[in-house]
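Since the structure comes first, as structure tokens, the remarks are kept for the end.
The letters A, B, C and D name the chains in turn, as written, and every chain counts its residues from 1.
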Amino acid sequence: MPDRTDPEGAIAEAAEKYSNWGRWGSGDVLGTVNFIDADTRRAAAALVRTGESFSLAQSFDMNGPQKGWRRRTNPVHTMLDTGVDAALGNQGFPHGIGGADDVVSMPLQCSTQWDGLGHIFDHGRAWNGRDAAKVVTSEGDLVTGIEHMAAPVTGRGVLLDVGRVVGEDGELPDGFAITAEHLKATAEAHGVRVGRGDIVCVRTGRLARARREGWGDYAGGPAPGLSFTTAGWLHGTEIAAIATDTWGFEVRPNEFDDAFQPLHQVAIPHIGLLIGEMWDLDALAERCAADGVHAFFLTAAPIPFTGAVGSPVNPIAVK
Amino acid sequence: MPDRTDPEGAIAEAAEKYSNWGRWGSGDVLGTVNFIDADTRRAAAALVRTGESFSLAQSFDMNGPQKGWRRRTNPVHTMLDTGVDAALGNQGFPHGIGGADDVVSMPLQCSTQWDGLGHIFDHGRAWNGRDAAKVVTSEGDLVTGIEHMAAPVTGRGVLLDVGRVVGEDGELPDGFAITAEHLKATAEAHGVRVGRGDIVCVRTGRLARARREGWGDYAGGPAPGLSFTTAGWLHGTEIAAIATDTWGFEVRPNEFDDAFQPLHQVAIPHIGLLIGEMWDLDALAERCAADGVHAFFLTAAPIPFTGAVGSPVNPIAVK
Amino acid sequence: MPDRTDPEGAIAEAAEKYSNWGRWGSGDVLGTVNFIDADTRRAAAALVRTGESFSLAQSFDMNGPQKGWRRRTNPVHTMLDTGVDAALGNQGFPHGIGGADDVVSMPLQCSTQWDGLGHIFDHGRAWNGRDAAKVVTSEGDLVTGIEHMAAPVTGRGVLLDVGRVVGEDGELPDGFAITAEHLKATAEAHGVRVGRGDIVCVRTGRLARARREGWGDYAGGPAPGLSFTTAGWLHGTEIAAIATDTWGFEVRPNEFDDAFQPLHQVAIPHIGLLIGEMWDLDALAERCAADGVHAFFLTAAPIPFTGAVGSPVNPIAVK
Amino acid sequence: MPDRTDPEGAIAEAAEKYSNWGRWGSGDVLGTVNFIDADTRRAAAALVRTGESFSLAQSFDMNGPQKGWRRRTNPVHTMLDTGVDAALGNQGFPHGIGGADDVVSMPLQCSTQWDGLGHIFDHGRAWNGRDAAKVVTSEGDLVTGIEHMAAPVTGRGVLLDVGRVVGEDGELPDGFAITAEHLKATAEAHGVRVGRGDIVCVRTGRLARARREGWGDYAGGPAPGLSFTTAGWLHGTEIAAIATDTWGFEVRPNEFDDAFQPLHQVAIPHIGLLIGEMWDLDALAERCAADGVHAFFLTAAPIPFTGAVGSPVNPIAVK
């Protein structure tokens, strides 16, 4: 384990060891998503056995976990027109047609989401070594906006149900740091291999607990999650993306005395890793436990908001 | 062709002939999406040959076509935090970490989207015969909200490039009504069969024209699109969903003297058909024309806003 | 006191006794604001002695009391452009000019506000006996929208500091029902008369407590406020408007066993009374206590959102 | 007139001549609003003769002039609850009470507004010489946010109806540069004096034209407005604020070959002048022309969004 008192040193060391800067050229905007190619995708499609589909999205509504931290609210969905008005003839349309329409205001990272490559910086550096001040301005991410991820994020998904394999009653406690050893043991228990181009889904059980006990501090509070020490595993496995059922992907409280999301600081700007948060893996996990198959075809295409540094996604797993 | 002066009569007749009310029970919330099942989905996965993926979404930003009709704007994306601020040390985080975050305000039908089953009513009746006033209130669609479509909309996609087969230079002119004959001829030209559970993508070329000439009245103005007379084809083929590269799916101006989206009035509340609009089919169409294969695996999972009557989607086709 | 078990009966009785329906004609859209006229306004201007001005608005930001009840959030304010970007030359303007710009998403009743006449209904009836279903649709208040209040709400303000006169340490406890007797006694203690056309500001001390102890359940929880029994006083005094430093104007919990804002149900649709909530009266109250003068010139002009049923306001008192 | 080819030189010269930096101390956040004091406000109240009130706000709705420039839209107002739902009993409240509630998403400068002191910078410098990058970040204006203007902006208003005095049929043509001489001649024609602490309202007639002919390019297009050469008058008169009935306060096209709002660049960061835009002065102007009295009591209190660089306002003139 790194020195608890020196997050900055530990981050610098990991950043240097696991950097992918330049690996896909100076103009790269995809990071580890480059590991997904047509071949891996074709192979992933061949995994489909039953044709069952699973949405890995939480719901998007006011009953979500957000409480206002950094101006993040739950999505506010309102109607422009309703069936009530249509039924009463308030709409002024001809021949009995009526309609309903709606709008939403929301943070792009309020519910199930991908962190874009412009979401996190290390000492003013964004993915691939770029100057953060030139990448993400008030106009959005001018270089690595989430729109670049519109097409490629579909391929082989692997569920690592660490909550079930390592935890009690399917859940890891808050503050539990998932290490590379836990990840490997879980894969082994599942009989699945994790490798290049995979989209790895790590289930901790934290969301199941929130469902049972209420959101509480789900958004920003203590949670199980990836240990800072997994940076090497994240880099070495050459996975394309990773997602968890927690708010913040990595373990909280963090493993340093005074720190904030230190693994993000290595994973996003240095590894170029696509990170998913607040995914709902519970139904899929039930099914995988039942049939013993933990790899599947996964499509996790973000809504391509131009210049966004994160985006809502409804990931679909097909078994 | 129906009597141009009597849209209401024509709608009533088509509604009666092609109604699916009760077909999947009184509690149904999926409509024709019921035609997709695990078998059709498994068969669709077997279509994957090359592993190439295509996003069928337009971009989501202020450069879109909306001009304010019924309070529909383009999406307004703003930053909560930026790389500029991170680089200047304005954020107050420890150990050199910086972040960017963003929000959006938008109509749910401003860009590439699915119309939910609660989007259109016929004389106060919603899908399956329900009272529209009990289905879609100010709180949203309480019965058939788009969240029910979160998981199932993945299966066999079929591109019908009517613009290329029937049009000139790949485009149909505004006001061109696509009939069942055009659809069948296009399928035949492609060597593809359309059937139960398919998600049909109809390319008219209207978006390509907007790209070349500017949006103009893309949102709400004249466009090629499905003829009112296709209602029987939409019903009889037992397709699960259909999407176009136009704002409004059906031909505009409509084929009646004084009408507004009459085919919607049959297709959504009576057939229970999932309709997609403003899809970008151009890149996929190029590829299909090149390889001659017009069926593919398609995942088109809406963001599951609870109670929404429409939702943004980033459809992903894998060939 | 009315029968605790029969709110509906009590409301019906008060509604009949204190109704102003028809008083200003069938087309009226102003209610008791009609009591303000040029004469009362001129007389009010003559009250100005020192020229000091006081804002009676709370701040509008994410540090507000809203917690999501009925989709009410605090205002989300984001920047379209910043000084940081301007300083770095990211904006592309000529000759060294730079700019900042911003947007907000918010409920119109999230902070200091007026309730419009379309905010509350009694058994489907809106102000002046209109059918609520014809007045406030998805398009907003088509008849009594807050835009009608744009000009007239300026005149004589009167502070009734009930917290200071009746309470302990300047504050009334939660659940304290302010009666007409309390209001009269407070006016008498202040040496001020309340009458036709006045805009009455009732200070309970609830906001001061929230400032000291945190918001807690300020929005929607227990609070001091006007007793249901004040309906007669509200009607008989012919005041134009009344505002409090609480979330909900009337005492909470309400004075019936199972009730929700029963005084609103009389005051808005029947009396046609303009009600202000979440005002900040503390600084003004300090000054009035010091100089013994509790009447002043008050301008409380809502932002005229067309069709709004409530609106933010920054009320300005000039002594 | 300054050299058309050298806006930067002209701005620098005017900035030096008319700077108020340091005039009210290094911590100042009010700029020329400091010129309003209790005495000027008391004197202004004494101007009230008839008690008539006028709202100088345009309406706030989708029928406004914004077309998306720099992501500025018109305000999108939607309902959270409606009278229609209340009438149908959809709301679940007891004893027959029903309610309507609403939300808005809007740029703070979409309609009648004040520009805050953090709205415009000159070569990275904000009002009072501060570093723009330290003043307005993604979190808003940390120093000179509009909340500081919550209380003081009430005092003596003066209408200068230049459209009526200098124009034809009450309107100045687009591109007409109003000089100090025009302002003085207008004041003389009105028999009114402009001086320290005044809030000056300049009517050009541009809004009347937009009302008659449609918005066209009202937002950002050609318009009459203040000449760059009025900088000295703006500074020397010691007025507290100035507002126009145009989108951009100063004449457009600007008086330099390649320029963007050059008078703003002097007036806001150097003079510290509060500038109002998109005011509706027409009804007031009619009345002033009729009674010959052009000074009045004016309350123009912005909604105090914390950290905002501009804010909607409903200015109220009382004659």
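Definition applied: contacts are C-beta pairs under 8 Å (C-beta built on N, C-alpha and C of every residue); 3 or more make two chains touch, one makes a residue touch a chain.
Since the model is a prediction, treat every value here as computed from it, not as a measurement.
*Asks:* Walk from chain A over to chain D along touching chains and report the minimum step count.
*Replies:* Tracing touching chains, the least step count from chain A to chain D comes to 1.
*Asks:* In terms of residue numbering, is the interface formed by chain A and chain B classified as same (over half shared) or different (under half shared)?
*Replies:* Answer same: the two copies use largely identical residue numbers here.
*Asks:* Between chain A and chain B, what's the gap in Å when you average each chain's C-alpha atoms?
*Replies:* 26
*Asks:* In angstrom, rounded to a whole number, how far apart do the mean CA points of chain A and chain C lie?
*Replies:* The computed centroid separation for chain A versus chain C comes out at 44 Å.
*Asks:* Would you give the residues of chain A that are in contact with at least 2 other chains, written as numbers and ranges?
*Replies:* 71, 76-82, 84-85, 88, 90, 103, 105, 133-134, 137-139, in rising order.
*Asks:* Where on chain B is chain D touching in the complex?
*Replies:* Touching chain D: residues 62, 68, 71, 73-74, 76-82, 84-85, 88, 90, 105, 133-134, 137-139 of chain B.
*Asks:* Tell me, which parts of chain A touch chain B in their complex?
*Replies:* So the residues of chain A in touch with chain B come to 7-8, 11, 37-46, 48-55, 57, 59-61, 63, 70-72, 75, 77-84, 86-88, 93-109, 118-124, 126, 131-141, 147, 150-152, 154, 256, 258-262, 264-265, 297, 299, 301-310, 312-316, 318.
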